[in-house]
Amino acid sequence: MDFAHDAETEKLRRRLLEFMDEHVHPAEEVFRAQLAEREDRWSAPPIVKELQAEARERGLWNLFLAGHPEHGGLPNLRYAPLAEITGRSPALAPVALNCAAPDTGNMEVLTMFGTPEQRRRWLEPLLDGRIRSAFAMTEPDVASSDATNITTRIVREGDEYVIDGRKWFITGALDPACEILIVMGKTDPEADRHRQQSMVLVPRDTPGLTIERGMTVFGYDDGDHGGHAEIRFENVRVPVENLVGGEGEGFAIAQARLGPGRIHHCMRSIGMAERALELTCRRVLEREAFGRPLAVQGVVREWIAEARVRIEQLRLLVLKTAYLMDTVGNKGAHTEIQAIKIATPRTVEWILDKCVQAHGAAGLSQDLPLAAWQAGVRSLRLADGPDEVHLRSLARAELRKYA
Amino acid sequence: MDFAHDAETEKLRRRLLEFMDEHVHPAEEVFRAQLAEREDRWSAPPIVKELQAEARERGLWNLFLAGHPEHGGLPNLRYAPLAEITGRSPALAPVALNCAAPDTGNMEVLTMFGTPEQRRRWLEPLLDGRIRSAFAMTEPDVASSDATNITTRIVREGDEYVIDGRKWFITGALDPACEILIVMGKTDPEADRHRQQSMVLVPRDTPGLTIERGMTVFGYDDGDHGGHAEIRFENVRVPVENLVGGEGEGFAIAQARLGPGRIHHCMRSIGMAERALELTCRRVLEREAFGRPLAVQGVVREWIAEARVRIEQLRLLVLKTAYLMDTVGNKGAHTEIQAIKIATPRTVEWILDKCVQAHGAAGLSQDLPLAAWQAGVRSLRLADGPDEVHLRSLARAELRKYA
Amino acid sequence: MDFAHDAETEKLRRRLLEFMDEHVHPAEEVFRAQLAEREDRWSAPPIVKELQAEARERGLWNLFLAGHPEHGGLPNLRYAPLAEITGRSPALAPVALNCAAPDTGNMEVLTMFGTPEQRRRWLEPLLDGRIRSAFAMTEPDVASSDATNITTRIVREGDEYVIDGRKWFITGALDPACEILIVMGKTDPEADRHRQQSMVLVPRDTPGLTIERGMTVFGYDDGDHGGHAEIRFENVRVPVENLVGGEGEGFAIAQARLGPGRIHHCMRSIGMAERALELTCRRVLEREAFGRPLAVQGVVREWIAEARVRIEQLRLLVLKTAYLMDTVGNKGAHTEIQAIKIATPRTVEWILDKCVQAHGAAGLSQDLPLAAWQAGVRSLRLADGPDEVHLRSLARAELRKYA
Amino acid sequence: MDFAHDAETEKLRRRLLEFMDEHVHPAEEVFRAQLAEREDRWSAPPIVKELQAEARERGLWNLFLAGHPEHGGLPNLRYAPLAEITGRSPALAPVALNCAAPDTGNMEVLTMFGTPEQRRRWLEPLLDGRIRSAFAMTEPDVASSDATNITTRIVREGDEYVIDGRKWFITGALDPACEILIVMGKTDPEADRHRQQSMVLVPRDTPGLTIERGMTVFGYDDGDHGGHAEIRFENVRVPVENLVGGEGEGFAIAQARLGPGRIHHCMRSIGMAERALELTCRRVLEREAFGRPLAVQGVVREWIAEARVRIEQLRLLVLKTAYLMDTVGNKGAHTEIQAIKIATPRTVEWILDKCVQAHGAAGLSQDLPLAAWQAGVRSLRLADGPDEVHLRSLARAELRKYA
């Protein structure tokens, strides 16, 4: 359980920091300007492609894909410090490195479960950053934290699967560059609870698939990364070759997909917290009220110290989890993945709240990224199952030791 | 200190509840539809005028204006239960009753400090709901919680005041119906700390006044109630008759204005919390996960019970404060006003956070008002001075008892 | 719902404050000295009797006994501000006024359910302060929050009840002045859940009743008010006349007893918080660290302000509950009694924790009452059922509105 | 930064666990019985000596003394998992291994700063476990978190130092086995702030040294490990050879002493939390209320899961700090030592509070160690400086990065 960076990781860290300083941070202003001017509010600004080209050239590409060094993937423990750095500019850096959700999870699914043809058709352009993708699981009418609640039907008719249902909060699906969706539905409602679901690949332009609207999160439509779509599936037909894995394997694939996705979010959230803390320290050192800088006020200092204490603990837990994923596998790291899924969003949310408070009204506004980040981490307390579901499961694991 | 409703208040309560049921709640859907369709994103939908006409007819008009029964105003203690009810539909009910911020505070200022001509020209149309107004105090470049930081200059030249400066988060100023702004600036930077500021009335169409943009709060532009403007004042000239009160009285007027504004926010926030709790109870009774309604889960129950315990305490403190404002005056109730200013936003924010959590992703979205309300109460932890300023002042008052 | 003190209450308040200043506070030092010197560590020091004589003379006697003005009892709302004052010296003032638990609850039970003979034999000397009493419900081997768990048996044999079982945390029972116990046990384990229990009066010197030891609470044996006894009942026989109420009424009597007991604890806890806050303000004004008084440190100020904000809310909720108990009865005030039972101990515990912190090591020690008070309020989070049971019940009541 | 246990540490862990199972845990009952029976309430029961003999024989002796393998000392990172295990029986295991405070810190001081004669006379019997010691720094009349406040005088007269002053909360000093105190006082009040203090060795039987009383902590006198003495020094004379280090080096020595002391407390506190959690899991699995085990209640489960999440983060931060102390030294690990000093007591206090709550009244009592442990960790929020002092210092370090 060695958390120090090895030489190779350290080299990548330095390279990435250089890329951040030379390209990503300067691009933030450009990105905002282009966002304001673009015609399609769901499309990515052109600066993203430029950054991607630059990152790829520098060998900062697909680093997330643990277990697949042939695509540039690093073990989780080595990816962690890099992902954290990308979290310092979360709207730009992850996508610049082709390490942005939900594509990352989808690439993992296709790498693990895709047929050669599926990989050629969808994985390759994703690995190249030529297209984007979405993952359609959550439904509006049921508690999706319980996968057995899913109501979307996937029915085989001859050589086709016919999909009917409704999904929402399908992140990225509004992006015109999104070409493919992995859709979860029930192929056999009579099977065992965890064998009812299957996943199929559905091209976004398939007839019967209607994107109805973008959902907002605390007022943000997140149009800079493809929004959160509500989608209707009516008699949507795809060839049976589009099945991912086997029939009834949807739940297992979803489980396999979640672990890495969660830890990536956590890694990046820590970088976000670090940058927010940096912004706040700089601000309180220069801002004055009642004749002295905010930085000398006891309450502000307490926030800063608390943020440092909490970030340190959080990072170590994430690193330990990454180490376990690398050594005993995602299943073996199940409890730790749940622990970071619970601990990270609320901790970073607390830090961002204090950072907003230290910035005054500006902290709430579009002039700083703090409020948007806070909305993002807050939504993580619900995404992939609310905290409460994970706490319950963690408690069961703990109690099982003594039962 | 009798908090029971007298017969007259009870009659008004029943009348208001009837109005809510018959008109306001049914209008919420219409309001949303009209918001989506209107051309000017900063204008109020037409349904608002219809509700105003209906409310006025029913004698539910200007109830907020304590001390002025001739305009319909009620004592704070009697207004409190009515304002709470309007908080259950905060985007519609307060404005329907002509009891919405920031007009309420501006009407109070004009009632107390306006010249007869100022009252005729601006107060009357405000009392009639014919125009709207804004209050321009906060500035982007300084900590506005310390009023002595204000940098906007108001310089007398002959019969005119010339205003130069920059303001932001000026709520309501983007509404085309907003005709008048009360602007705070410094007339004498050499005077005593609290005698440097003055207030002048500035019609929104005065040359040199430029509304540059709307600020967002957690992604919301609040265009349904006139947004939060950033405004540039360059060589803006108004006649000296537009001075409110005397030169150097700006700080005192601002103080007088804040008390009622704060308690109104608190009253409405409690109504908001009650409605959120009701929505949540209904939701968890019907929503199932893992085979049983959310309502039987221990953690969800704890949220509900906690919300009830906290609301009860909060309401009583607001009522006590209202009682004190009515009996010993706003100054005499200073400590209590600070106490509710601190206690209310964070308590209601906590409740709304749990209500969002109980609703899952829908709670974060535009389909429910919860996230928008949470953004609103969170901004109250900064509006009119951050909590920390008030806590410090409260502590000083407590320590003074023993010094 | 008028919380202002009427003239009569105000007169009593002034009289009580005078008594506190002239007698109780000066006696605190004497009390401690006598505690250290007495021979029986479970006996009350002689100063208590002196204070009782003085209080009785001044008409400050049995004020707690709501509904019984003939004994000096006041309505709850009028008793509340007086009980709060006694909480400022919780080891001395309540007992000085013959208003200390558990006698208060026992006197209520005997007043409501006692036979004339029981009242003559036990109630009169209790009302006179000549003897003390205990209430034996909690058992070591079961979760007593669920009264149906009780295992102590009360079996009728001829003209006697025979009691067998084990009780613990029986407050006051170690005091040599304690002459009588009200014991709860099961007379009919086959009856309906809430009809199985009965209560009987058991003189402390009855053969078969063995007091085994005193339980400690955070290291305190509470020997100044009779400790918390563990008691064994082996073939303990009392005449059938000692039954309180009827057979099977034990649960109902226990319920009736709890409401007033809880609110008295809450009233006093608020007085305790006020005194702790006063001690703290005085301390931080005079104590210096790093060259300036603690009172100017932002974090210390925040504690003080927070304490004030929380106490205000708490007191109002307790007053509302008192008002409801007086007007709609203890049953009608059930939800509010639960709310204060939950809100008070944790709020006062938080305040005491900060007060300890502001006092440094002295705050933890025998030189100040803070740590002992904190242990006391902390135990209230468990006494009469843990908070969690009450939160669950409160949530059920809230949900029932919509079911 | 490799946190995995190496083979040697793993061997020691297994050996220690065996010792715990075979000797320490079985001795807990004996220890309690002997405590109740001993004549001198400040003396250690005889079982302690027996355990020490056994531990020493097994090579589990003086493991704490980092940097001194010749005495059995291990690097901090290797000691951490062992210290954690001793925390599972905190009254017995640390002393059994001669790894108990305050002797550990005193042995470190003598190892680093003692003269050969001082080491022969005092360090050797301490390393042998033949005597015990105390460290006298805290004073009753000043804020000792600011060492410059110290008022005890150490004045050189000829070949002697003369000590006058008053100390309190001197842990261990009441134990009759305590033979030597390290006393901090001012030799030169005119010197620079951090050069005024010196330390001298004072045998406990020196004339003029009077132990006045034992201070309690939440009602506990901690007589099982020598209590917390208040000590008067009146014209106490020791030879100048008893000076530790040089004159004016007292502050520097105190700083050097604190780091390891703090991390040892943190390591053991984690073990305490683990054992409390284990006790709680076992309890809630078997205890029933309202017809089902407590373990199925949502709120109880949340406590258990939270405890696990918090312990994991805490342990990793303590391990990182240990690693830094070993590699960059105690000074280099200053910020991390402060972080664990802040994070550990409050986290473990929170866990113990929930464990108490899950145990009901028994949790508060002498029948379980939970309340006593909670009092102990709570006192750590004040010992060696209150949390607030450390938070401020941590914030300063963070802000310095950007100043």
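Residue numbering begins at 1 within each chain, and the chains themselves are lettered A, B, C and D in the order written.
What we mean here is this: a residue touches a chain if its C-beta (ideal position, glycine included) is under 8 Å from a C-beta of that chain, and two chains touch if they have at least 3 such contacts.
Listed by chain with UniProt protein names: A, B, C, D = Acyl-CoA dehydrogenase, N-terminal domain protein.
Just so it is clear, the structure is predicted and the values come from calculations on it, not from any experiment.
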Chain hops separating chain C from chain A, counting only touching neighbours = 1
Message = Please tell me whether the contact surfaces of chain A and chain B are same or different in residue numbering, using the over-half criterion.
response = same
Ask   = What whole-Å value do you get for the distance between chain B and chain D if each is reduced to the mean of its CA atoms?
value = 54
Key: Averaged-CA centre spacing for the pair chain D and chain C, given as whole angstrom   = 37
Task = Return the distance between the CA-based centres of chain B and chain C, expressed in whole Å.
result = 44
Remark   = Multi-chain touching residues of chain C, meaning two or more other chains, are 297-302, 388, 391
Inquiry  = Please classify the inter-chain touch graph. Allowed labels: line, ring, star, complete, other.
reply    = complete
Query = Can you name the residues of chain C that touch chain B in the complex?
reply = 1-4, 277-278, 281-282, 284-285, 295, 298, 300-302, 304-309, 312-314, 316-317, 319-320, 335-336, 339, 342-343, 388, 390-392, 394-396, 398-399, 401-403
Ask   = What residues of chain C sit close enough to touch chain D in their complex?
value = 138, 140, 143-146, 149, 168-169, 215-221, 287-290, 294, 297, 299-300, 357, 360-367, 371-372, 374-375, 378-379, 381-383, 386-389, 391
Parts of chain C lying in touch with chain A, wherever the complex brings them together = 297-302
